[in-house]
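Same chain, two partners: chain A is paired with chain B first, then with chain C.
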Partner chain A sequence: MNIFAKTIAAACVSASILALAAAAPAQAETVLRLDEVAVGELDPAKASDYADSILMFNVYDTLVLPAQGAPGLVPHLAKSWSADGNNHIFNLRDDVKFQSGNPMSADDVVFSLQRMQELGSGLSYLFANVESVEAVDEHTVMFVLKEPYAPFVSSMLRLPIVDKKLVMENLGAGDGEMGDWGQAYLSGNAAGTGAYKVSSHNPQQETVMAKNADYFLDIQDAAPDTVRLRYGLEPATVRTLIAQGEHDISSQWLPPEVLKALSKDGAQLLTESGGGGFYVKMNTTKAPLDDMECRLALSNAFDYGSAIKMIAVTDDVSQGSPATGAIPVGMLGANPSTDDLARDMDAAKRHLEACRYNPDDFNIEISWIAEVPLEERFALLMQANFNELGIKSEIKKMPWALFAEQVSKPENTPHISQLFVNAVTGDPDTLLYGMYDSKNAGTWQSPEYLNDADVDDLLEEGRVNTDVAAREKAYKALNARLMAIAPTIYGYDRQSVFAASDRVKVPALSDPSKAFGLDGMGFSFRLMEMQDKS
Partner chain B sequence: MRRVMWILLSNPLSVIGLLLVGTVIFSAVFADFIAPFPSHRGAVVDFSNFNQPPHWPNIFGTDLVGRDLFSRILFAYRISLMLGVVVLAIAVPIGVTVGLAAGYLGGWVEFALMRLTDVFLSIPPLVLAMSVMGLLEPTLTNGMLAVTTMWWPWYARLVYNITRSESQEGYVLAAEIIGASRLHIMFREILPNCVPSIVTKMTLDLGFVILIASSLSFLGLGVQAPTPDLGSMVAEGGNYLPDSWWLTVFPSLAILIAVFGFNLLGDALRQILGGDT
Partner chain C sequence: MHLPHFLRVTRIIMSPVVQLLVKRLSISIIVLIGVSMLIFTIARIIPGDPARIALGPNATAEQVANLRDKLHLDEPIYIQYAKFVSDFAHGDLGISLYTNRPVTTDIAQFLPATLELVFVAGIFMIGFGIPLGILSARYRGRVADNIIRVVSLLGVSAPSFVWAVILMLLFAFFLPLFPIAGQISDTLPVPPRITGFLLIDSLLAGDFKVFASAAHHIVLPAFALALSGIGQAARLTRANMVETYDKPYIEMAQSYGFPEKRIANRYAFRPSLIPSLTIIGLDFAAMLGNAFLVEAVYAWPGLSRYGVQVILRKDLNAIVGTVLVISATFLVVNIIVDLLIAFINPRIRYAGRS
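Take a look at the complex of A and B:
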C-alpha cells in the first residue's frame, strides 16, 4: 500500500471512530451541589455538627440505621444484635468492603470504638459507658457496658466504622504505640465503607465526593455521581445561586424570609425533624432566676404564638411546631401535640407576685449567639414580653466561642441563653441527660446549672430501664417535673427546612414515610434522585 | 463671615453638602419629633407587621421584628453623630497636643512622640479598632474608644507638619525673643494658625468616623440591639437580599448621605479656609 492509500485508510478509521462516539454519547455525570456552615470535619471520631454528620453518613457506615418512617432501628453493617445484661452482641455482614478494598471485620469495629474513646472528642461521650469491646470472631463483636444503658443500640448510629488496616498504615507522630491514631490522615482522607468516596476535601471551602461503585448495597442509577458540598456561603449568595439553577440544596440555616422567597420562585422545601427543640435556658443559680416562681413568670410571659409566626416559611411549612413541653412531640415521653404551650400573662403576674425578688432590682441579661441571627429576634421578642411584666432586660450578643467558654462558670453564664439542641441518636436520653443531669451542668447544653434530685432520679431511671413502657413512664414524669420547675422556656419543636431546586428528589426529606427522624441522615446521597442528566 | 457664606453658596457642591449635613443634623436632633414611631428605637416588636416593604405609614418599610425603619434610621443618625462628635472631641485635643509638642520642642520629645504615632499609623485602622473591640465588650462606649485609638495619630501628624514650618516663621522667633513661654508659643501663637486645617479635617473626618463605626457594627462589633445603628442594619439586611431590599438599601443610603455631605462640606471649607490637609 502506498503512502496515499495508508493515509486515506487511517482517515477513514478515525472518522468512523468519531462517528461512533457521536452516535452514542457517553452518559453525562450528574452533580449535586449543596452547602453547609464551615467547618466540615471529615474525621468521624470528631464529627459533631450537621455538616460533619452529612460527611459521616455518606463516607462511613454504622452498624444500624434508623428505620424510615417509623421508630426503631434496622440492620445495616450488623445483620442482627442481641443483649444479655450489660453485654451487647452484634453479628456483622460478611460481604462489606472498605473503599480501600480491605474487607470489614469485627476488628474494625473494635478499633473504631477504641479510637473514638481515645480521642474523646465529637460525640465520644455516648460511649463513655463502654467498659470493653472485643471481637468474638471475625464477624461478631461484643460491647460490655459498665452499667445498664437502655438506649445503647441507638448510640451505634454515631459509631462510624473505620478501616483499621488503612489507618494503621497511615499513623502520624504521637505519644505511644498508636501515634496520633490516624488523626492527621483522617482529617483529609476517607477510610470508610460508605456509598461516597472523598475526591477532595478543604474543611473551610468544599468537599467533593464521588459515588462508590463497590458499595455493599445497590445504589440507584439516579443517585448523584458527584456531590459538591460547599461551606460557609452567605444566605444572599445561596438565594441567588438556587434562583439561577446553579445550586441544588441549601443549608437549614437560611432565614425563614429567604426560604419563603425561594419557595415563591418555585424552589421545593425539604424538611427534617430530628427530635430537637429551641430552648431558652435560664441560669438557675443567678438571682432572680434561682427562684422557681420568677422562672415560671418568664416562661408564662413568653409569646409562643409570635415565635411560631416568626419561623413560618409558608402556610404549610415552618421551621418548627408549637412545643408541648421539654420533650419534642413524637419522642418517648412527649405530651400530645394538642397540648400547645401558650402565653398566659395572668399566670405570669401571679408567679411574679409569688417570687421573692422585686423585679425592679434586676436587669435580666438575654444573650444571643452571634452566628444565629434569628436569635436576635427572639431576644427582642423576650425583651418586649418581659417589659410587659415590668422586668427590665438587656440584650447581649455573644460569639459562639465566647459563649462556650463563659458557660463553664455559673457566675459568668448569662441569665438567659438561647440554644437549639437535638437528640443526637433520636432517644430522649441523648437530648435530656446532657441538659439537665446535675453532673453535666456548665456545658453549652446546660447553662441552666439545674440541680434537682427528682430530675436526676428520673433521668437515671430512663437510662437504665430496658422496658419501653417503664422508660416512657419515667420520661413522662420527667417532662412534667421539668414543666413544673421551669429551668427552661421550651420555645418550639424544631424542624429543619431546606430549599432545593427541582433537579433533585429527596424522598427522605419530603416523604414522611421515608423520613429517618435523625438529624443529617436525610442527606444520604445514595437515596437521592437527580432529575436530569445535564 | 459674609465672604465665607458667599463662597459656600456660590458653589453648587458646597450647597448640596450643606443641605445634606443640615438634614442629617436636623434628623438626629429632632428625631423624637420627626419619627412617626419614636418607641421603635427600643424594645418593641410587632409581628403582625414585620418585614413589610415601604408603605404608609412605614415609608421605609419595617424590619424583621416589625419596627419602623424610617424611625430607626433617624435615631441611628443620632448615635452616629454622637459617636463622631465624641471621638473627635477626644482624638483632636490628644493629636493636636502631641503634634504641637513634637513639632515645636523637637529633640527626643519629637522622636518619641512621632515614632509612637508612626506605630499607630502603621496598623490598618480597622484592624486596630477590631482588636480593641475584640478585647473589650462590644458596647457604644468601647466603640468610641476603639475608633478614638485609631484617630488621634492623624491629627498629630497634621499638626506636627504645620508646626514644623510655622516654628521657623518670624512671629514665632519674635515671641521667643521677647521671652514668651513655650506653652504660650505652642498654644497661643502656633495653634491658631493650624485651626483652619484642623477644622477642615474634622469636617471631612466626621463622615469617615461614621463610616468606620458603621463598618465595626457591620462586623458585629458595634452597639447592641435594640439600639438602632446603621452598620448593623446593613449587615442584618444583607442576609435578606434581594427580596427584602429595603432592609439594606435605606440604611446604606443614610450612611451615603451623611458621609457624602460631610465630605462636600469639608472640601468647601478647605477652599475657603485654605487649609492644608
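Take a look at the complex of A and C:
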C-alpha cells in the first residue's frame, strides 16, 4: 500500500500548497460578479439577448432612457426632442465624450443608425421605417420616417451611439467603402460613451468592465469599480459560488427550486418586470381552434391560479404576476391589476357547448420548447385542465430551431404553443404588433395566425396616432378585443427573478419607484451600490 | 551522397515505425476528408434555419433571407461544400454565427483550454490509474484489490458530469478547498498569451502565483474528467497483469525469490502495458468529447463547451470547424499511441530487421 499512501499524501500536500499559494490578497476595489446565458455580444448593433442588453446599457448610451418608476422617457444623450409629422429632431448634449476621448456629435448618431440598418442584425428592424437621418448641425440630428410611427422615440432606447471616428479607424475588410463596418473590431472592443469600459471580453467566458472615470454623469462611489459578467454558468455552479461568497447576482434562468434554496440560505431576491408575458398561443387556423368558442372554452378552463403557484419562488416573490389581459399591467392600455384572470369552468363548459366541434373528435397538440423546461409543467397543467372539459390532448416537446421552422406554415404549427414575449422598447406596439397583426402571421411570435380586421385597425391606430390619450384608448380597445376573441391564453405577466448576495444593493431591481420597466436596464451598474470592499 | 549515408537514410525510411507513421497519416487525411463531408452534410440536414437562430427571434424575414444569402444556404450543398474547401485551403473556416468572430479565432482561443484540461486529466488518468492497477494485481484477491476494483467500477460506471457535480459538492460546497469557476482567480492578471496554455504561459512569464492559481483551478475539473479513465486504466492494468502473472517466466522469477515489487513493476507490468496503452490512448482522445459537461459545470472556457453551444445554435461554420479540430486531435493522439506501442513492443520495432 506504500505507493497508494504516498500518492494520496502527495496529492493532499499539493492541494494545500496550491490553495495557499493561490490565495489572493484582499482587493482595494469593489468587484461585482454576475452571470448570464452565453454568449455576450459586444457589438451593440447585434445586441438582442439579455446579456447583450446588459453590455449595451453599460458600455454604450442611448439618446433617451426609460423613466424610473413611471411610464415615459427621459433625456439622456439627447437634451430634448420634438416631432413634426414624420420628422423627429433630437438636440444632443454637448458635454459627452466617448471612452476614446472623442467628443460625441450628431455625426455619431447618424453613423450609428446607418450602421445598424446596414448590418440588419439584432433589433435593427425597429429602424426599418427610418427613411433618412441627417446631422442638422453638430448637436442636432433629424430622423425622417417613411410613415408615421408614434412610438419612434421609444425605439431610441435600442439605438446605442457608437464612436464613428474610432470605428472608421478600425474598419476591417469587406465589400464597399465601409468594409466590415467595424464588425471585427466591435466584436471584441468597445466604442461607446458608457459608464463602464471593457477591460477584456471573451464571448463564451466573461466580460470584464471597469468604471469610466470620465463619464458625463456622476457615478456614485459605491458603484462597483470592476464588473465581471460571466457567461453560461450552470445552476449548481452558481449556487456553490454564491454560497462561497464568490458570486453576487445570478441570472434569471435559475430554476425556481435553486432560487428558493438560495433565498433560504440568505440570498436576497431581486426582480425586474420588463413589460412582457407568458402567452399560450392557439393556432386559429386549425380545427377546433378556428372556432372562437372553443378557444374561449380553453381560456376559461386554464388554471391561472395554479400557474402562478408553479412559478412562485417564495411567499412574496414570484417569476410572474397574474395577467389581466393581453397587455401586461403597467403598460399603456393595460387593465388594472385588480382585474386578474381566473379560471371559470362554468363559462368554459358554456363556450364548449357553443363550439361547433365535438371535443371527442380532436386531440389537441400542446407543444413546449425543449430549451425551456418550465413549459413542460405548463403543458401538463393544460393537459389536466382541458381533460376536465373532456378535451383530449398530447404533449409534444420541440427544440426551438424546429419550432421556429414549423410555425412558418399554419398546417405545421401545433394547436398550442407556449412563448415568453416582451416589449423590447417597453411600448405595447413592440409587444403586440408582431404577435397579432395579420401581415406578421407565421413568425415565432405569431403562431396564432390571427386574421382579425378590428385587431389590425386598432394596432395601426396605436402606431400612427401620436396623441398619448388616443393611443391608450386604442390599446384598451385592442386589449378588450383580444380578450373577446381569445387567440391566446394570457398566462401571466412575466417577472425576472435574480438571487443576489448581500454585498450588493440594486435599487432598480428592488424598489419599484426606481424600476425602469425595460429588460436589462435594471443592470445599470452605475446605479448599484457595493456594500463592502472585498 | 555517400553510400553508407544513403543506406542509413533508406533504412530509416523503410523502418516499420516510419512505414507505420506514413500509413497512419495517409489514413488520417482520408478520414478527415470523410468527416468534413459527413459533418458538412449532417449540419445542414438537421432541422432549424441557422440564419433564423443566429439573428434571434426578433429578426424580420428580410434579415433572415439576407443572412441566408450571405451564407450561401440557398445554393446546392455540393456548391456550398466546394466553397468551404476553397476557403479552408486559405485557412478560412468562416464566421461563427454564435460569437460573430472568425471560427479560426474562436478555435485558437478555446482549444488550448480544453487541451490543457484533457492533458492534465490524462496525467491523472495515468498517474492514478496505472499504479492502482499494479497495486490491485499485486495484492489480487486481498482487501486492497477488492477496494480498488469497487472504486474503479464506480469510476467507470458514472459519467464525468456526475463526478463533476459530486466533486464540486464535496470539495467546494461542503469543504471549500478548490475553486469551481474559470481558469484562474478573478483577482489575478492573465499572463501574456504565448502558447495559450495557462499553466505554461504563467511559468514562461515567471508568475508563480498565477501558475499556482491555474493549477488550483484545474484540479477538480481534470479529476472529474479523469475519474472514468482512472477506473478504466486500473481495471485494464490489473486484468492484463493478472494474466501475465500466470506466465511461466513470472513463476520462474518467483521461484528464484525475486522481490515481489520487482516482479510486479518490471516483469509483470511492462508486457501488460501494451494493451492498456491502446485503451488509455483512446480514452485520452475521448476526453476531448466528454469534456463538454465538465467544462459547463466548471465554467471552463474550452472548445468542447463551445462545440455544444454551436451545435445547439446550428452554427454551421463553427460546427464543421470544431468537429474537424477534435477529429484531427483524436487522430494525432491515436498516431502517437501507435508509435508508442511500436516503440515499446520489440516485435513491431524490430519487425523489419530480419
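Everything that follows uses one rule, which is that the second predicted complex is superposed on the first by the 507 of 534 C-alpha atoms of A that agree within 3 Å, B and C clash if a C-alpha of one lies under 4 Å from a C-alpha of the other, contacts with A are read in each partner's own complex, and residues count from 1 in each chain.
Assume a residue touches a chain if its C-beta (ideal position, glycine included) is under 8 Å from a C-beta of that chain, and two chains touch if they have at least 3 such contacts.
Quick caveat, the model's predicted, so the values are computed rather than measured.
**Student:** When the two structures are laid over each other on chain A, which of chain B and chain C touches more residues of chain A?
**Tutor:** C
**Student:** Using the touch definition from the top, say if A:102 reaches chain B (first), chain C (second), both or neither.
**Tutor:** neither
**Student:** Examine A:121 and indicate which partner it touches, taking first as chain B and second as chain C; both and neither are also allowed.
**Tutor:** Touch status of A:121: second partner only.
**Student:** So in the superposed three-chain picture, is A:438 touching just chain B, just chain C, both, or none of them (first/second/both/neither)?
**Tutor:** After superposition on chain A, A:438 lies in contact with neither partner.
**Student:** Applying the document's definition of touch, where does A:188 land relative to chain B and chain C: first, second, both, or neither?
**Tutor:** Second partner only.
**Student:** Between chain B and chain C, whom does A:234 touch in the aligned arrangement: first, second, both, or neither?
**Tutor:** So A:234 meets both chain B and chain C here.
**Student:** For A:170, select first, second, both or neither according to whether it touches chain B, chain C, the two together, or no partner.
**Tutor:** Neither partner.
**Student:** A:373 in the overlay: touching chain B, chain C, both, or neither? Say first, second, both or neither.
**Tutor:** The first partner, chain B, only.
**Student:** Return the residues of chain A at which the contacts from chain B and from chain C coincide.
**Tutor:** In the superposed arrangement, which is not itself an observed complex, chain A uses residues 234, 236, 239-240, 399 for both chain B and chain C.
**Student:** In the complex, go through chain C and note every residue touching chain A.
**Tutor:** Its residues touching chain A are 46-49, 52-53, 55-63, 66-67, 98-101, 109-110, 127-128, 131-132, 134-135, 144, 165, 168-169, 172-173, 176-182, 185-188, 190, 208-209, 212-213, 215-217, 219, 296-299, 301, 305-306, 309, 312, 314.
**Student:** What does chain A use to touch chain C in their complex?
**Tutor:** By the definition above, chain A touches chain C via 1, 3-4, 7, 15, 17-19, 21-22, 24-25, 27, 31, 33, 38-39, 41, 43, 46, 48-49, 120-125, 128, 183-184, 187-188, 200, 202-206, 228, 230, 232-234, 236-237, 239-241, 243-244, 246-247, 371, 399-402, 404-405, 424, 434, 443-445.
**Student:** What residues of chain A sit close enough to touch chain B in their complex?
**Tutor:** Of all residues in chain A, those touching chain B are 234-236, 239-240, 255, 257-258, 261, 306, 309-310, 370, 373, 376-377, 379-381, 383-384, 387, 393-397, 399.
**Student:** Which positions of chain B touch chain A when the two form their complex?
**Tutor:** On the chain B side, the touching residues are 43-45, 47, 50-51, 64-65, 138, 220, 224-226, 236, 238-244.
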